[in-house]
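Order of writing sets the labels: A, B and C. Residues in every chain begin at 1.
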């Protein structure tokens, strides 16, 4: 993954396009309760932005922008955010993941808030896990890459 | 009522916490505490009685429900005990071969695996079963790959391919049942099946679900993944898998059979005869395979294939006595086989030819191993005898003569492979260098051996528990 | 032939193709591809099941009264995630196998394995 692209066109276009990808990811994340989308799709789009960056500017630059160590913290945090909502409702005496517990006086608002929080958790985890998978495969030492014979 | 989710939830929450906090010693401690807490929650479930819990407040049949009754409480207990037993065999300093920069992940995966198994055992939703099946399976593939030596990697890949096929069959079958009934709730599907406009979809869906769980429980001839997965994985994982992995799939198999389709449907489609034939083949070829092995853990794995045949023999009778025997067999076999895998852990060599002299090198291990192997054989006054006796009775009463004959033949073959473990242990050998066994493994060996002996003399409470499980299922 | 069942026929064809690849090939990467095709066939079956004649995408909008059934879509989203995890884990195992054996060719590895256990 060390060879970086020297094409000026590619580099310029990529720099223009990545913010848009990330912005679209955020839109899909937070608009998920009204339209198509949600945490999983948003996480994938967000990760795709970073993958594009790594492909054009090299893995080293990408891991400076988003270190694997941070991703290792973000992934479990997302799961804990999701599960935390469930545990909170359990502790408040409601069923597991019953969003009503968040705001018992206004159940509709509570559903709204609940889905937003857990989708944020999903988005965080999907983003960081997908990017970690990419880092793991791309960063592997390729001293002797798969030969053609192996593939036959 | 909300406490029904705890056995699956506690380990599920611990896994991300372990990844977040890290450190192999802290991770081991956290996993141990979490499984201990989950065990306490299971004990609490025993005092609750039969109950249901709707996740998110969405009542069945729309929402996902968790159902706890007499049938799955013993299974949940089994999962947590096997999980703790496995952890005793994997204190952090014994995972030296794990070169991973983050060894704590091993324990996170271990918790995920236990959580998945507990989820399969406690959910009442057919699709949720698939989800938890995959959670536990994916964790298991990675855990198997963490085994010492490079052969673990190939065993894990083999398991991944076959296990994914099994999981996909379950998914396919659940989809067909959903097509035929419009419901994913097991109790609801059961009520809707008689009036279903698509009886053929019910039949095909049922066949796929049952096939998937047969693959997951390694019923002969779908057992190819098991020897590698058991014998190449780290010992802690082998203990967990042998103790609860296939048992949970067998539980899910019986739950779908009796909870969704019912005895009359099963008889009408000859599921009982198919299971009987497969059980006989498993008993026979499992024991024959075990005799030919040259490594201790591979021998134990092949013996497990035969034991799965015994359990399925009990299920195939479709009778209360048969199910009771199957449940007793599952519990006792988990103790015995789990104990034997505990005894196999920490041995300098896994090969059978290196067993001679073990009695001098590590007397406690040799004694425990001998007693447990005898219990595996079914010698009177051990737990193995009780389970085999109940099973033989149930098979005889149901008139499955073929089953009884193969049962006897397989038990005779078991003498041969148990002798291959027990006899060399007490032979003299020039190698008298003592084996150092960590205290946690000693404790695990003593506990399982004591359980195998105590329940052999005093099996009453366990049999009663399983009697109630059988009544709840039918 | 009833065109209404065309998705069903497609799913069966994919199912058989995938299963054949998994069972007939030695190359682990091809077997993973087969598994993915096998799973995709099941996804097709589920999604087709959710179709309702004349229904649109299940998003609330004015003037639309018929929606296709969203539940199978949700179920399959879960199954797709499981499939992705399986694929990543499988490929990671293949990378590790290649690092350890220097080959992923089944015949070659079997020759290496003739050497006794450590």
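One rule holds for everything that comes next: a contact is a pair of C-beta atoms (placed from the backbone, for glycine too) under 8 Å apart; a residue touches a chain by one contact, two chains touch by 3 or more.
Just so it is clear, the model here is predicted, and its values are computed rather than measured.
Across B-C and A-C, the chain pair carrying more C-beta contacts is B-C. Among the other chains, the CA centroid farthest from that of subunit C is the one of B. Taking each chain's centre as the mean of its C-alpha atoms, subunit A lies 35 Å from subunit B. Once the centre of each chain is set as its mean CA position, subunit B and subunit C turn out to be 27 Å apart. Separation between the centroids of subunit A and subunit C, computed from CA atoms only, is 22 Å.
Across the assembly, subunit A contributes no residue in contact with two or more other chains. Interface residues of subunit B, counted against subunit A in their complex, comprise 2, 5, 9, 12-13, 15-17, 19-20, 53-57, 102. Within the complex, the subunit C residues that touch subunit B are 15, 19, 22, 28, 31-32, 35, 38-39, 42, 45-46, 49, 72, 75, 78-79, 82, 85-86, 89-90, 93-94, 96-97, 100-101, 109, 113, 117-118. Every residue of subunit C that touches subunit A in the complex is listed here, in rising order: 27, 29, 57, 59, 77, 81, 88, 91-92, 95, 98, 102-105. Those residues of subunit A lying in contact with subunit B across their complex are 72-73, 75-77, 79-80, 83, 86-87, 90, 93-100.
For subunit B in complex with subunit C, the residues that touch the partner chain are 127, 130-131, 134, 138, 141-142, 145, 149-151, 153-154, 156-157, 160-161, 164-165, 167-168, 171-172, 175, 178-179, 295, 350-351.
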